[in-house]
Amino acid sequence: MSLPQAPADERPQLRIGMIGYSFMGEAHSQGWRVAPKFFDLPLNPVMQTIVGRNQKAVAQAATRLGWKTYATDWRTVVESDEVDLIDVCTPGDTHAEIAIAALRAGKHVLCEKPLANSVAEAEEMAAAAEEAAKTGAKAMVGFTYRRVPAVALAREMIAAGKIGPIRQVRAQYLQDWLADENAPLAWRLDKEKAGSGALGDIGAHIIDLTQYMTGESITGVTGMLETFVKERPVAVASSGLSGEAGTERGPVTVDDAALFLARFSGGAIATFEATRFAWGRKNAIRIEINGTKGSIAFDFEDMNVLEYYDAGDDQQTAGYRRIIATEDVHPYVAAWWPPGHGLGYEHGFVHQAADLVRDIAEKKQPLPSFSDGLAVQRVLAAVEKSSDAGTVWTDVS
Amino acid sequence: MSLPQAPADERPQLRIGMIGYSFMGEAHSQGWRVAPKFFDLPLNPVMQTIVGRNQKAVAQAATRLGWKTYATDWRTVVESDEVDLIDVCTPGDTHAEIAIAALRAGKHVLCEKPLANSVAEAEEMAAAAEEAAKTGAKAMVGFTYRRVPAVALAREMIAAGKIGPIRQVRAQYLQDWLADENAPLAWRLDKEKAGSGALGDIGAHIIDLTQYMTGESITGVTGMLETFVKERPVAVASSGLSGEAGTERGPVTVDDAALFLARFSGGAIATFEATRFAWGRKNAIRIEINGTKGSIAFDFEDMNVLEYYDAGDDQQTAGYRRIIATEDVHPYVAAWWPPGHGLGYEHGFVHQAADLVRDIAEKKQPLPSFSDGLAVQRVLAAVEKSSDAGTVWTDVS
Amino acid sequence: MSLPQAPADERPQLRIGMIGYSFMGEAHSQGWRVAPKFFDLPLNPVMQTIVGRNQKAVAQAATRLGWKTYATDWRTVVESDEVDLIDVCTPGDTHAEIAIAALRAGKHVLCEKPLANSVAEAEEMAAAAEEAAKTGAKAMVGFTYRRVPAVALAREMIAAGKIGPIRQVRAQYLQDWLADENAPLAWRLDKEKAGSGALGDIGAHIIDLTQYMTGESITGVTGMLETFVKERPVAVASSGLSGEAGTERGPVTVDDAALFLARFSGGAIATFEATRFAWGRKNAIRIEINGTKGSIAFDFEDMNVLEYYDAGDDQQTAGYRRIIATEDVHPYVAAWWPPGHGLGYEHGFVHQAADLVRDIAEKKQPLPSFSDGLAVQRVLAAVEKSSDAGTVWTDVS
Amino acid sequence: MSLPQAPADERPQLRIGMIGYSFMGEAHSQGWRVAPKFFDLPLNPVMQTIVGRNQKAVAQAATRLGWKTYATDWRTVVESDEVDLIDVCTPGDTHAEIAIAALRAGKHVLCEKPLANSVAEAEEMAAAAEEAAKTGAKAMVGFTYRRVPAVALAREMIAAGKIGPIRQVRAQYLQDWLADENAPLAWRLDKEKAGSGALGDIGAHIIDLTQYMTGESITGVTGMLETFVKERPVAVASSGLSGEAGTERGPVTVDDAALFLARFSGGAIATFEATRFAWGRKNAIRIEINGTKGSIAFDFEDMNVLEYYDAGDDQQTAGYRRIIATEDVHPYVAAWWPPGHGLGYEHGFVHQAADLVRDIAEKKQPLPSFSDGLAVQRVLAAVEKSSDAGTVWTDVS
């Protein structure tokens, strides 16, 4: 006796083609896989095609990650009528070419951050996105940390005026995976591939996050880049952020740490720091924002928590509130578990997939847009320019 | 032009039939769905059949959660040759009947915790599991918190002697979802369905966790159960832990909070507390263990962290270490993300699925076994007996 | 040329005679020394006489600690008309005799905690205090932790109904100075001198604190005492809590750890733990109290902070507030420094001295009274009785 | 019968004359009062003379704070042969005149921070100190936060190479007492009196602390100063940091917040922030230092704790250690209480007094010297210069 089959999913499909299958490819796959199971989406995202240059490896990845088909040339997929959306998970040097081709082919595009390795590329991409928008193709850049519930809650609270106009921002992104001088020379340390180092890789996140949370843009900076370890053993295999060291040595061509001061469009002043040399800090994205009526503070090392100080509270009992952002009323949370049953890193990718699917169905511009990605790129460029010029004040043009 | 299909997964299948599709059903589905994508498993778990009494609802759940077929009578599935493993996600009053039938039908069984609503039932289940083991069927009980990396790390460290023989244990499981007197009367507050209240629902977890971490068993207790709110509005719909309140009121027939002192087989003394009335604590599973050479401390509200004090450290620099258990060397973590990219609640279910699949393939007894579940049940019964007798010392038989 | 002298202090004097000059003697001296400098007191406390049995040592202590005169026999001082208040800082076995004699001689008495080594003694002392009160002599017991601002704030908030009627209390006092098996056998480990071990020494504090904070009394307990290390090297010199180990060994005659469950007069249920074996916890007095409307939490290891959860807060932004209890509106703080400039352990002794001086001047009963001390003693006795009887429920008589 | 008098203190005296008696005067008085009671000092510091311009107020202060004599003109005291050491606790605009006069009169000098309101003054003072040193007079500047045990421990550990050569420093001093726009215009907001705002008042502390902890000096900066609130109600009475607002309004002539990037002499890069506008942060002095072998972190809001990450720890159990710096082996602690019995803000002043007395007795240069104070002043000036020039890189000359 055979049991009845689950009724077919009758929602229209949104077929995904994903380029790349390492760290980001795995994270995006999890996003596409899980989003439709927890979120009630108007379209059914289908993991159609995965692309990688090594045929054997990409075929294995397809099976392991759950993609229906695979390809070795991204151009094939960009032009394929089996795919509706191109998800770009490659290193930054290839973003512009792939994303622009996809948009021109009428595909929606999700592009990993940073949008590009240069402002020029990012501008072309933003222009292509604007052009494509006219035909209904949507483009989004993948700053997934926006979609951590505690972060999205901070945005909501600030937008609602809970801490008043912003006076100060302090943002740090601290890691330690390069603090060991013998950590291998992964592609993220190669300027050609990665564009920049800590600045573009992780500094980009805190630039985007603070602009997102405050609803303001950074108008000027003064920056200082530093490479502590100039030469490293070349990586012979890659995994996660890093890889395995070989015996050959090669030059580090990007920054190890980036510091900058900044001013926001509403007048707020800010300090920023991105580093992979802070021993003991594993993925500490720390953001504090002080307004005229209160403050908020976030640390990704305790990612389900948002701290909030309400200056209007009675002085006797005022204090930073440790909001465990796992209640149904918090962004994204109603789709998940009961209070206190926290989420993890990859949930940002699930939320990203869900938001993008909804925006496409509702024909809305998904955020962050390529323009938002370009805005980040301009700040990155201004920091580099300031640093190159000896740490002078530099407007973000 | 059609792209090449992903090569077929050539691993043998392990076909799952899951009974229940609310909170635990969703969590278990995520476990089966995700485990084979991140863990390199010898068998391929297939989400074959989902079972629920309401035909329309279970059919929808099948589609939404990704099960191939569905059924309305668990007996059909237990006897079906399309299914290799029965995953029991129903309330505690049905565990024994379903699990025993499944084992007798030669299926592997994963049963949600607590194993049963009484020691008698749990004994039958453990006996059935022992009998079934002779024919190769495996039985496991779902104490997933064991599979939080920080918890599994604690177990490893204690087993390796890092804190020496155990002297003291303090364990708390604090929630607040019943602290509001008007929170509805969900099935978890009905003794018939749930067996007991805070004691069996969440106290069971800290009993299992402390026995697991220490590698010892609880030999005696003295307990005190309390029901603070005797009557509540009856729930008219259920979601997550709780539900929506109606206008009718009904009696709470289980404990709201359970306190007990205990002694472990190695001589350690312990305090235990389980409550759903600790305003502000959402899912605070807090365990501290003091040995002769050091201590460990865990709090699920910061679930990626294990605290560790090494009494052998130099006095100048000794202090509780905040181990962020997200390194490749930590249990389960190598399958996931780079350091500091924390995991969430549901990852325990993914790890559970992965471990169970491996044990079945390797013909090993999966842990926690039904005997382990029975051991927890005996402690629960001893606490109830102690409380009923006026809080007297009661051996765990 | 000589500069003008500071005008004489014209306040009436309150002349102190202090018995004992080790750990508590130093702390009390600091209290008397500093209180009149920061608090505007109606009487001027004068450090008149210090008493110790060793003439050379007590003379040196007088000079070092700033006492005007010294004596080797406490009886001399109790009868001296140069002294108005006797401050008893000796081990517990001498409290009753000294305090009663002093009260009968018409002196005010401040007696270190625990009040006595037995209920019988404590009852005599309370009776003597009541008798003396008729003639105007005041008696107070030295539970100084009540006077940590964050603790006093908790009391105020609970009394004001901020967390509603109390449902649950969890209290721990964790230290680690005996966790090393070779820590010496100090007087605190000798039942003759100390009365009991962790129970009376530190358990007494959390009994008093929870009764004080809740405004309720403990009505029954079930307890378990344990001595982990039965024999230790005899101390040859004492300092702080402990001392220096010699080569001889002797028996530990008190408990190393004490656990008990309790019920409060208002119906609340509670867990208590006092231990000196919690490696890594140095002086962790942790108290959490859950009411119907909120919760408070305190940990002496972060002594300037009180955590507070207000269940009435909007769900979106509710969370434990980290109140840094250093604002002028917080108890005792206006006498000290600007916000955030925290206080330390000994400030409790300063506040104790200030409060006692004011109560004497205003002819008010200082708190905690000897009756309060007796109440603690009765709980201690009930815990011991329960433990001796095999951990059975025992009413506090 | 009269009791024997405490033997006279036979140590040579060190007679103190203190100028000023508000916030800093009270803190220094407590330092002089308490230091000889807990520390075994070679000289006996005597609270000889206190100086203030208002005769009635200073006479009262003398009695209240425990000074023998008083004066209304600091010149009298500087020239008096009843005084050996001048303790300057006045606003910054008078430091130079008083300190130089005192040194020329052969007195030892303790001068509150910042050393002066300008580099020119500070240079004169450092020159005077150097000149005076030839005759044996000692000069010290009062950066008391160096003497918090956790801070002094950090210095010891870094000097011992525990975290290796320094790569990065991040330092913040966050307060919120001006975040309210109607907080009054106290003298600290008047450039004439205070020299600068957040920069000189609290930024000076983190400049000194990071130079002290690292053993390096800041060689260049780029800075940004901001005044958020340009006008405030004039203060009509002062207390603590602030005071009571009147109805008149006046201009704020100093910075509200100061941000700067910096480079240290050993090559490390750094971010600094000083602000009084960070709602909810009361006195958060936060310093993190990353070296090649580990990290340390400190936050004054948890002042008895130093966090330490040892990159040499086994990866399985590595993590920031929460060192509770209250053990006998930690700086200054042996003089105080048992482990875990934490110290408070004012203990820094006690330690300062003790250290200074010892250095004078041992004829050693006390630290921080006026040269150290000058070094801080030069950094402050460079930050101001950089900010005035539009946030350009500026060498510390």
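Each chain carries a letter (A, B, C and D) given by its place in the written order, and its residues are counted from 1.
By definition in this document, a residue touches a chain if its C-beta (ideal position, glycine included) is under 8 Å from a C-beta of that chain, and two chains touch if they have at least 3 such contacts.
What you see is a predicted model; the values in this text were computed from it and never measured.
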Subunit D against subunit A, contact positions shared by both copies (same if over half, else different): same
Copy-to-copy rotation for subunit A and subunit B - C-alpha atoms, rounded to a multiple of 5°: 180
Of B-D and B-C, pair with higher C-beta contact tally: B-C
Whole-Å gap between the CA centroids of subunit A and subunit B: 34
Distance from subunit C to subunit B - Cα centre to Cα centre, in angstrom: 43
Whole-Å gap between the CA centroids of subunit B and subunit D: 54
Residues of subunit A touching at least two other chains: 176, 281, 318-320, 324
Graph class of chain-chain contacts, one of line, ring, star, complete, other: complete
Interface residues, subunit B side, partner subunit C - complex: 163, 167-168, 170, 172, 176, 179-181, 222, 224, 226, 228, 257, 259-261, 263, 269-271, 273, 275, 277-281, 288, 290-295, 309, 311, 318-320, 390-393
Subunit D residues within the subunit B interface of the complex: 153, 157, 162, 305-308, 310, 313, 315-324, 327, 329-330
Residues of subunit B touching subunit A in the complex: 1-9, 23, 26-27, 29-30, 33-34, 37-38, 49-50, 59-60, 62-71, 76-77, 80, 82, 175-177, 240-242, 281-284, 300-303, 324, 326, 328, 336-347
